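Naming follows writing order (A, B, C and D), and every chain is counted from residue 1.
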Amino acid sequence: MSFINPLSGIIPPLVTPLKDNETLDIESLERLIEHLIQGGVSALFILGTTGEAQSLSYRLRQQVIQETCRINRGRLPILACISDTSMEESINLARFASNCGASAVVSAPPYYFATSQPELTTFYEELIPQLPLPLFLYNMPTHVKVNFEPATIHRIAQNPKVVGFKDSSANAVYFQSVMHVMKERPDFSMLVGTEETTAQCVLMGAHGGINGGANLFPELYVAMYQAAKNGNLSEVLRLQPLIMQISASIYKVGQYGSSYLKGLKCALSVLGIINDDFVASPFYKFHAPEREKIRQALEKLPFENGKLIF
Amino acid sequence: MSFINPLSGIIPPLVTPLKDNETLDIESLERLIEHLIQGGVSALFILGTTGEAQSLSYRLRQQVIQETCRINRGRLPILACISDTSMEESINLARFASNCGASAVVSAPPYYFATSQPELTTFYEELIPQLPLPLFLYNMPTHVKVNFEPATIHRIAQNPKVVGFKDSSANAVYFQSVMHVMKERPDFSMLVGTEETTAQCVLMGAHGGINGGANLFPELYVAMYQAAKNGNLSEVLRLQPLIMQISASIYKVGQYGSSYLKGLKCALSVLGIINDDFVASPFYKFHAPEREKIRQALEKLPFENGKLIF
Amino acid sequence: MSFINPLSGIIPPLVTPLKDNETLDIESLERLIEHLIQGGVSALFILGTTGEAQSLSYRLRQQVIQETCRINRGRLPILACISDTSMEESINLARFASNCGASAVVSAPPYYFATSQPELTTFYEELIPQLPLPLFLYNMPTHVKVNFEPATIHRIAQNPKVVGFKDSSANAVYFQSVMHVMKERPDFSMLVGTEETTAQCVLMGAHGGINGGANLFPELYVAMYQAAKNGNLSEVLRLQPLIMQISASIYKVGQYGSSYLKGLKCALSVLGIINDDFVASPFYKFHAPEREKIRQALEKLPFENGKLIF
Amino acid sequence: MSFINPLSGIIPPLVTPLKDNETLDIESLERLIEHLIQGGVSALFILGTTGEAQSLSYRLRQQVIQETCRINRGRLPILACISDTSMEESINLARFASNCGASAVVSAPPYYFATSQPELTTFYEELIPQLPLPLFLYNMPTHVKVNFEPATIHRIAQNPKVVGFKDSSANAVYFQSVMHVMKERPDFSMLVGTEETTAQCVLMGAHGGINGGANLFPELYVAMYQAAKNGNLSEVLRLQPLIMQISASIYKVGQYGSSYLKGLKCALSVLGIINDDFVASPFYKFHAPEREKIRQALEKLPFENGKLIF
């Protein structure tokens, strides 16, 4: 299914429900996708960082694409992340996604060797013609060790197949700089990876958010997006504390960099949206004490009849 | 002179006009301060990163405080930055600033040894009682190698002498997290170091910006602050491209980390606000080719009768 | 073929000769392997960082293993690197290598998500029982963003299948710390990734070097290893300047982090050891000016009748 | 007092014995200096990282210089570290040191602003003519955020007042690269900051070590230096485990980057070499549990009649 440029709204980066390192929990994936579609999201983003793609085998990554497309039944555009250290494997995954019916692919820079900006440009100029689908660039410097400089994005995006950009750097000056350099391309979708700052970026002209928390409470992030898009500042300021409470209490349990992922999956399982919070190697799910903290954090949220009230 | 908490508005981090490494250009400082006061700024912030404090001798740092206070004649609150690797030298400078009539001091963490959060907390719990003035905490991780974690700020700020926080990290998620943890303290001033993101932060509840560009065009940043404070989104979106143009064309000439400082001082001298753009060691001012680029960048800005029109 | 613990001597990390991103240059690989075996190396290390494994498709990685084992004809132990972000893909490659006749596998930590030490320990404690071959741990912090702490190595190596450690951190204090913590395991092979420091590490008790330069001049690095192993200090000091000259003149052409890899492959092609210096995406081979610099650097080395004389 | 170039042997970086943040413990300093001179060290290095210079006021830094020179009575060359963010303060301290009778000064790059290599070169080309004493360059990248590139050292050292280099990077490839680029200057002193690797560097041609552990056991590090200088490999290998044991058990207690400094001062006070292990802000000395660990670590060392036996 095609989508209207620029792609906008809330696009959840789906967690990958797992039974073990190599077994997709299809039932949970079905429940999650229905939950998201009912929650009003604009598209589904699979196999991103939140989806643990790099921890999964290629067989399993393909299965995630296939099952998501099957369950979705064409209701929403599907964006499949194809980030890889090998260009060939990226292309293979893009072709598979295209055959399954995905709408676009997303790619962060190769993440083993750190590349210079000219090397990065060359990589994408070689990759893009071989892709059967439109491409979103994905900035994720903490994981891939390199930033797309704004000028690099501008250059790569001269190819019209490049239709958008997702930034997970959290660096607001950087995001403004990319917006500035791309300002002549109103069709180019500017998406924010961090839910804590999606509202302010949309207020400043961004098109939407790829927000992990939308796995849990899609309505909340969609409401926040709508408020920001409509310039309803008081509504934005009313919703922001709840979004920050979720961030502070669900994503910061445990002392490692993996606490976001573990906390998000744990909360999803506590809420019954997924059956189990199994996290693929090299991570592992929370033990009982951390799970209890997540349970308590959820209890402090304003629920009514099992629904978040805001 | 005292000020009303929370301190708000645009507070320019003054450049330090120099004749050479050890000679303050007092005439330029006078002109700069009048320019800023006429431009509508809320306070003057001296000896920060933009003021090159660490490159100056202590004698010169004291002179900057003394002359600024003299020229200011009590018209605006003065914030003097006392960041140092030695607690004793920080206290010495704070006392000197207090005697000269400064209103508050600002401190970034010690920047030689990288400290843990408990060490950072202890440092400030020992420092604060010895300060004769209210304190703003200053987050500047690229230069000092350590971030104030939100919980650390919350703990240090239990002392009511801690009246505000300036963040130069550019990390918008971080800034939101500090806002969230300090939300019970409406008197606590939340200030943004990066002018590219001041508007969006003020929209979200921040109190103002310590914006280097305000040395050049104070009216512009004050107008942006007012628009954001008033929730005038269309005005914010009208002004933001000009602020980004200044950032992209004045601060990015040259290939080093020092390009912001060199570009800002160069532009100030091209505009005649300061006589010379001498930059203290370990940096040096732009050579002719870079100066020409700054001149051209300024020419592309919308001037009329020597005034920036917006 | 099995090997004697601790594995010692010079073990070249083979470059992967390519015709293009997806075509192995088998003729060059044959020539390279004969060159190395004649040069007196102790084992062959394939699919490491120098072998560009992460840039290659899995099909191609398997072909490298298969062809190397075929060409080798059991003459030397083969170490196949299985580093991956997915445990399942690591295991798949290890099984393939075992079936082809490789002697051991080598693994650096997963390189997308940065892991804590407990997560790293758990990863290897889960991986190791599933491996059909002995394992060398591989420390490569610049690429994988995490160091094996000495205590982590000690813990993981309690499983006797863990037979050695390769360090490419260049941090000599770190290497000494690992040597110290492993000192009760005389059978545990301590190997150095950086050829510039292999001699000094062997003098201090290390077992050998996984030295990229040995692709070019295996005899030189083998001679250096022998001198160090025999405690022949004057010979070590005689050879070290030549090793440093190669490092300084072949690996530092160009301004990017990729200069080592490009320079090494370029020099191999200038010397006729491989046909072409094609470097897989995201990198690309040197253009003519850099190639000329490599040619000149080679000319300054002490050759006689096409052989390096030392 | 002058010294013979290249300066060689063990040069302890003296801790600064303190009663509180601003009070030098002169009695302890006297005892420490006599302990070091009797221990056979070659020179005294004051106000380095181990000496906590950056945490001390300038008044106190001057007192450390003055008292050290007084106590030394011309018996050993004194090297005073003048690292500062301000060139003028560096020069002031160098003049003071010269007037007190110090033999040379040592300087790490300015540590607030990170400099490019050309900026770093310019800084030193401006500083050096204003120094009344010979200069050692000091590489300390973890603290100052910038490395002296080998070519930068080569360029700065064209001024004959630059007589040596201390490297605390622990990067052995880097150290070899500096040795290589400076190989035409046999009078240029190459000194190693990390005691764990001093022996191997001296084996490879370095001139000595600026080893913190020499505060505790100067004879041990002097013996190691002599063994390495004489090419006595078996003696080096006999002593290295003891040096590693000290490193592993004294410097790694506590979980922060400050554990080296706290552990060293704590051990010195347990041994009675200094009266108190007060550490200046922003750090603080160990509490009882960590002190007990240090005491136990010392007990495991081979003492006889209060002397370390090796």
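Operating definition for what follows: a residue touches a chain if its C-beta (ideal position, glycine included) is under 8 Å from a C-beta of that chain, and two chains touch if they have at least 3 such contacts.
All figures in this text were calculated on a predicted structure; none of them were measured in a lab.
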Remark   = Taking each chain's centre as the mean of its CA atoms, the one lying farthest from the centre of chain C is chain B
Query = Is the contact between chain A and chain B built from the same residue numbers on each copy (over half shared) or from different ones (under half shared)?
reply = same
Interchain centroid distance [CA atoms averaged], chain A/chain B, Å = 35
Query = Between chain A and chain D, what is the gap in Å from one C-alpha centre to the other?
reply = 49
Message = By the touch rule stated above, which residues of chain B touch at least two different other chains?
response = none
Remark   = In the complex, chain D touches chain C at residues 170-177, 179-181, 183, 194, 196-197, 199-201, 203-205, 231, 233, 236-237, 240-241, 244-245, 247-248
Contact set on chain C toward chain A in their complex = 21-22, 49, 54-60, 85-89, 92, 109-116, 119-120, 122-123, 126-127, 142-145, 255-258, 280-284
